[in-house]
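Letters A, B and C mark the chains in the order given here, with residues in each chain numbered from 1 onward.
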């Protein structure tokens, strides 16, 4: 209960101002297509050098929290996820927006984010020592199985054809192997200088989602068709609150999956949303509605990606190990003031530690309030004329992908992938499984290689990867997940017409 | 509008033109980029941000330095870019890590070597140390070597990658102790390698002194030896490998500093070589580095040139046997 | 017209299959084998799935996705061309902000339904362009401190 006595520090005027600034700024940066949380936090480092440790962390923590949630705005309204964490949100969120329920989708996403986020921070506050042990339990073999679990999600992710989904996933996995191999340092598939650094996930994400949207807007031509303007119906906030808590299963699956996956160093929030979405879909009696603008899809994905924020900081705060790029940046923010995460942080600088954690708690609430306000403005965004939106998104995609590593090569990669993706999308391929492949590839490969090196030195590969409770549990989940997909696929054959209709409807709308 | 801009461009070009004529006296006239070939938040990135934070002062460069990260494959991505694609105009600097880039150039498969770069100054020297988890049965290097002798090839220990300082230290240890070890390179750099040690995935690890110092403060690891010629100020109680009877020098010490691409005008190099070491000596920089647990070691351009050449020779010899 | 989507499906899946075959060939011929272990695994699955899809397209069983009509392609072409010139040449050649200004204005002019004959619509386009670029400059150059090639306008 130590954290309560430091609540006052959050409300010191200057600290609270920073918190507001971080939240609102983060929300805007997150909602801007092409800007990711890691980038927003990295770009803020120079500011934190000038601030007191607690203040710098308040700014970074608030920005981290709200950029993750803000990414849902462009995911829902434009089908452009702000970060890998928001990919799952596009699946149902954007379909809802096309039906005129953009405001409702946004309200649900922010409310779900806040619920998930607050739960995650409470885990951080009360269970940190236990969770730290958990985080360490995941070694190379477990991370490998976890990545495989992610791969099994690929096929069933986005309606349409399972084979094409898997094929898109394979393309993504292959793209992830381009560049220098991370462990051996061998060069692979470097056809052009721009590829020497490999394909960075963020520019690829921007290209694969934003560029097809731009081209789709071009395809509408000069005609002003009132029927095609996205309409946004007003939606009372009270109803949204009732709905979020009314859909308890999706909310709890999202929150719990997000918290668990967020805890694991190295996997982080990138896949939390997608895995939670998949689990919510598989356990729902209304699973056929997923992908056609079902609110549960939005709730599961968004509660998961904010639930992961708190637990993802556990390895950093207790063990001094940054589990994600964002956590690495936060570590720099602490070290610059001579504060070492770990026992030093909680014993000698409790004021810094607890003010930071409390500010994330308050930040979640503020984020939700501002987010609901933003949801009210959704109608305005929808009124931006087609041609202006196309030009704005194009310019943001270029600037955004350039800024990640100040690299022109990333911009070329972004454009090439995006243009290719537009044409592939016309033929039933979708971007979500491709990006998932791109994210999971390195996790699966590096952990397999490390695991087998350790296994070869100590025991045998089969013993290392196939024994132990955690390995077996993960393998069981993988088998269940695959078996379930196959079963559903066989059953779906009979109701294939409804699925085709849903896809046809989606295509007609886009 | 465009005409106006063009006019402004000509005016500006005229101003800069005169400056270039008299040997870069006014350099730098705009902010300078510093390319770091490791990710934001890593030890090199963190230190680079600290040592360059006073660059905007009048007695330093008078212009701020912006950090640009190009991480990947143990630094190869960034240095390849720096050797091949960076502009040699003095506005693009790079951070070097020795022995990493020299070892990688000897191993091959990259398009840089010591001849591709011009050193400016060195800011830090971070020795490799041998760490084991806090609850490990090993209490000295002889325990470790003893275990390795009884179980050849079974002593797993982590490090940041292949052909980086940690790997060099590992090779030196194998050679000096005459044992066979299982070095497990990590794809997440020093932080990932440290996690593997703390989580017990491996029996030990080679890691940066600065990170290991922090992990020991947090009570997670024991530090058994320093791969350097002398004990370190941060860890006066930890003996060097040499003291423990292994003939290991400082070839694996991670020297960090600033360089520019080959072909940068000599005037710019001279100016940087004169101002940058003084910039590193700033007291604010020193206190921040000390607070962050990062050992400093300032060297001038001539000293760095000598160090590079010496290191290249040792590494060639060490890596020849692979 | 009914056969157009089918031919397009064959072409699209043909391209994917070609990429799959190339990737597989490259990954099985390159050395060192240890570094290519994973690419080999992936490319094998990749090529099998790609050939399957290609076969389905030839048999006319590919139904998902309704291809691209000639009219849509014509509407896309000018915008796509401008976008590609912008990204692959202008952004670096002219500097980010100059190139973005020009591209932005051209795209507005190409796709804005307002009549080209009225001065009012041109002024509107110019104002929107200037406003947006000011926001971009404020966000990226001033607030986030991102360096772009050739700095501001040159």
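In this section, a contact is a pair of C-beta atoms (placed from the backbone, for glycine too) under 8 Å apart; a residue touches a chain by one contact, two chains touch by 3 or more.
Small disclaimer: the values here were computed from a predicted structure and weren't measured.
Engineer: Is the C-beta contact count larger for A-C or for B-C?
Structural biologist: Pair with more contacting C-beta pairs, A-C versus B-C: A-C.
Engineer: Per-chain C-alpha centres versus the global one: which chain is nearest?
Structural biologist: Per-chain C-alpha centroids ranked by distance to the global centroid put A first.
Engineer: Can you compute the centre-to-centre distance for chain A and chain B, using the mean CA position of each chain? Integer Å is fine.
Structural biologist: 32
Engineer: Please compute the C-alpha centroid of chain A, do the same for chain C, then give the distance between them in whole Å.
Structural biologist: Going by mean C-alpha positions, chain A sits 23 Å from chain C.
Engineer: Centroid of chain B to centroid of chain C, CA atoms only: how many Å?
Structural biologist: Whole-Å distance between the two chain centres: 38.
Engineer: Listing for chain A: what residues touch at least two other chains?
Structural biologist: Correct list: 46, 181, 184, 186, 406.
Engineer: Hunt down the residues of chain B that sit against at least two other chains at once, touch-wise.
Structural biologist: Within chain B, residues 33, 68 contact more than one other chain.
Engineer: Using the touch rule from the top of the page, what residues of chain C touch 2 or more other chains?
Structural biologist: If we look for residues of chain C contacting two or more partner chains, we find 145, 147.
Engineer: Enumerate the contact residues on chain A facing chain C in the complex.
Structural biologist: Within the complex, chain A touches chain C at residues 32, 43, 46, 160-161, 163-164, 166-167, 170-171, 173-174, 177, 181, 184, 186, 188-189, 214-215, 217-224, 385-388, 390-392, 394-396, 398-399, 402-403, 406, 408, 411-412, 415, 419, 423-429, 441, 444-445, 448-449, 500, 503-504, 507.
Engineer: Which residues of chain B touch chain A once you look at their complex with the stated criterion?
Structural biologist: Residues 33, 39-42, 45-46, 49-50, 53, 68-70, 72-74, 76-77, 80-81, 84-85, 104, 107, 109-110, 153-156, 161-163, 182, 184-188, 191-192, 194-196, 198-202, 214-215, 217-220, 288, 290-293 of chain B touch chain A in their complex.
Engineer: Can you tell me which positions in chain C touch chain B when the two form their complex?
Structural biologist: Interface residues on the chain C side: 98, 145, 147, 151, 153-154.
Engineer: Okay, in this complex, where on chain A does chain B touch?
Structural biologist: The contact residues of chain A facing chain B are 38, 42, 45-46, 49, 136-137, 139-140, 179-187, 193, 196-198, 265-266, 315, 318-322, 325, 327-332, 335-338, 340-344, 405-407, 442, 446, 450, 453-454, 456-458.
Engineer: With touch defined as at the start, can you tell me which chain B residues reach chain C in the complex?
Structural biologist: Residues in contact with chain C: 5, 8-9, 12, 30-31, 33, 66, 68.
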